[in-house]
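Please go over the structures that come below.
Both of the next two complexes hold subunit A, though its partner changes from subunit B to subunit C.
Presenting the complex of A and B:
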């Protein structure tokens, strides 16, 4: 029995999309900060899987390396180096939480309504078996070389700044 | 001989965009309500991921093959990494001086 590729692609997309949203809700609703971090790992890994399904193989690897590998380790170090209360209530009163939920919900509803009701140009199916690494590299060192250099300087500044801010004395 | 119709990609562009919007909205709700500064940083990462999902969806469905959306996503990840590093350095510095990581207890710059 051959499972059609379209079914696999669509099924994978919706499964990992659901996992990503569940993980995001877990970040939002978990009481312990460490649990929030684990849920964030789940969301980031699901997003990486979505990138594979959307034909962005290089970005999926970068997502795993940078987010799950580097940023999450940094966040776990931050959790480790600071005292954590287990049951930390949310900020402010219940009214503020309701207001924040209303604002976020309104943004989601408006964005989704615009997305659904807009006329999008018909999707063009590009071949999915083309590796994107070469194209991205040519883009980075071609038309996007100036943003690339600025990003390098930004990373250098962030590195120096983080060292200066966080060191003792 | 008629050419075969191009296969239709099984995922509509809108579904990726709605997923990105959902991640952005959930992250925003967390960034507005969470009290722990590290959790706020995590929620900001969620918001950035929502935007990245949007860019990659557009790159998948765009007519051009120059992958501008994916290149933009790489720049977003760069900024996210820098933001996480500096943000956590600030959290640790605040913890050293004020002995707290709760965002509502650090308000000495409030007018």
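Presenting the complex of A and C:
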């Protein structure tokens, strides 16, 4: 009996996909904010694992480095600095809750219908088994240099704005 | 020059790998031999990590003892050699106490979140030509990503312990690691730019003509700053504020005991070796040594252990820095210098590509 490699790859893909979904549900259902944040870490790490399986090595590492390593650490840092025993006031009456549930359910049905019915274009190109870093770099500084520079300027503006707000004078 | 690959003692692991692979390939169909050999290689890397950590704990206690005019451990075994084993048995037998105020699941998960990435790093470390469990072409990024994950574990430990000292330690760790991660990433880019690859094997091979630490001023300054940022990144003295005994007792791991505590310890000493290993790989030519026929894995090991000695030496001599001093060093010292060094390196690589080989 020979297990084909494709079977193992598919198994890994669906396992991590399931973990990502469990994490996403955990973010919503956890009672404590800190637990929500930890579930978010789980989701992001699972997505990074999916990137590895799909052959996007650079993207996977950056996902962990930026999202788990920096953004989640900042979120956890913020949670630790806020009081934990905060009782949120009830947001609205029962009628409002029903209305909210209806709207959310409708959005879910529409999205699900679109996902199920639409024809997803399947790429016939096999995943690249080559280092992606160099290709990403050449694309960023070649054809996509204008969006790249605009994003840089945007980040710079945000950074200066943050410094101006945070300055105490 | 160097160690000829035909000699068995120059490449024993490579020979062993080939032997196991061919003998398994004769019995089992693909992909089983590859899977088994990979699992064996991972197990071996983890075992080597654990053994190195054991030796490090003894070496550190001996060296710090000598620096302070003491003997260090000398009771268990000949001149204290079995002390780490005795400590390990003691830790295994100890009870893991969970405080009533603790958040149980994050409390128990935190040591694992800290130690698993710390061990995963060992799979990309190049011990010799072609001698690593896997040679990722994003190796440098992989090390950085795995270095960022334990932060989450430390914050989890600090928060879940239900102890204010632990929370303080966790917060200090978060702030410190974010601050020093940025100069560290930037400084890693200096050898990456010079070598033109992010594969650790590739970076070592690119240094066959000159080790980057000798490229004054770019490589030398980058190596020095990288090592300092590395010390901060792994919470070692003089940047051990997250566990400062005199201020917050033991910081984030104050409530941990037994093996749960030992896992933090394992991660910390594993990372101490990895920081020396990264400095060796990025700036000191990895497993390369000119003229001498010494096996590459031995060269690499000795270079890394020399780095660990410097870490212990710093601990034995430099007092702990104050919190604001540490932050100032990161944001006003290391970060601008790292940016300038990257700019200089880019200019050098563009203007005189022949200079660095």
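Rule of thumb we're sticking to: the second predicted complex is superposed on the first by the 131 of 169 C-alpha atoms of A that agree within 3 Å, B and C clash if a C-alpha of one lies under 4 Å from a C-alpha of the other, contacts with A are read in each partner's own complex, and residues count from 1 in each chain.
Keep in mind that, in the parts below, a residue touches a chain if its C-beta (ideal position, glycine included) is under 8 Å from a C-beta of that chain, and two chains touch if they have at least 3 such contacts.
Everything numeric here is computed off the predicted structure, so don't read it as measured data.
Chemist: Of the partners subunit B and subunit C, which touch A:61 in the superposed model: first, second, both, neither?
Modeler: second
Chemist: Counting residues of subunit A touched by each partner, does subunit B or subunit C come out ahead?
Modeler: The partner that reaches more residues of subunit A in the superposed model: B.
Chemist: Based on the superposed arrangement, let me know which partner A:20 touches: subunit B (first), subunit C (second), both, or neither?
Modeler: A:20 contacts subunit B only, not subunit C.
Chemist: Contact-wise, after the overlay, does A:81 reach subunit B, subunit C, both or neither (first, second, both, neither)?
Modeler: both
Chemist: Give one of first, second, both or neither to describe whether A:94 is in contact with subunit B, with subunit C, with both, or with none.
Modeler: In the superposition, A:94 contacts neither subunit B nor subunit C.
Chemist: Just to be sure I read the superposition right, which of the two partners does A:35 touch: subunit B = first, subunit C = second, or both, or neither?
Modeler: After superposing on A, A:35 lies in contact with subunit C but is clear of subunit B.
Chemist: After the superposition on A, what does A:158 contact: first (subunit B), second (subunit C), both or neither?
Modeler: first
Chemist: Is A:70 touching anything from subunit B or subunit C once the two structures are fitted on A? First, second, both or neither.
Modeler: A:70: touches subunit B and subunit C.
Chemist: By the touch definition at the top of the document, which applies to A:133: first (subunit B), second (subunit C), both, or neither?
Modeler: second
Chemist: For subunit A, what residues appear in both contact lists, the one with subunit B and the one with subunit C?
Modeler: After superposing on chain A, subunit A residues 58, 62, 70, 74, 77, 79, 81 contact both subunit B and subunit C.
Chemist: Per the contact definition, I'd like the list of subunit A residues that touch subunit C in the complex.
Modeler: Within the complex, subunit A touches subunit C at residues 2-3, 5, 32, 34-35, 38, 41, 57-58, 61-62, 64-65, 68-70, 72-74, 76-77, 79-81, 131, 133.
Chemist: Give every residue of subunit B touching subunit A within the complex, in rising order.
Modeler: 6-19, 21-30, 32-36, 38-39, 41-43, 45-46, 49, 52-53, 56-57, 59-63, 65-68, 70-71, 73-75, 77-86, 88-93, 95-96, 101-104
Chemist: Which stretch or stretches of subunit A touch subunit B in the complex?
Modeler: 6-7, 9-10, 13-14, 17, 20-21, 24-25, 27-28, 33, 36-37, 40, 43-44, 47, 50-51, 53-56, 58-59, 62-63, 66-67, 70-71, 74-75, 77-79, 81-84, 88-92, 96-97, 100-101, 103-105, 107-108, 111-112, 115-116, 120-121, 123-126, 132, 135-136, 139-140, 144, 147, 151, 154-155, 157-159, 161-163, 165-166, 168
Chemist: Which of the residues in subunit C end up touching subunit A in this complex?
Modeler: Touch list, subunit C to subunit A: 29-31, 103, 106, 136-138, 141-142, 144-149, 151-152, 155-156, 158-159, 167, 170-171, 174-175, 177-178, 181, 185, 198.
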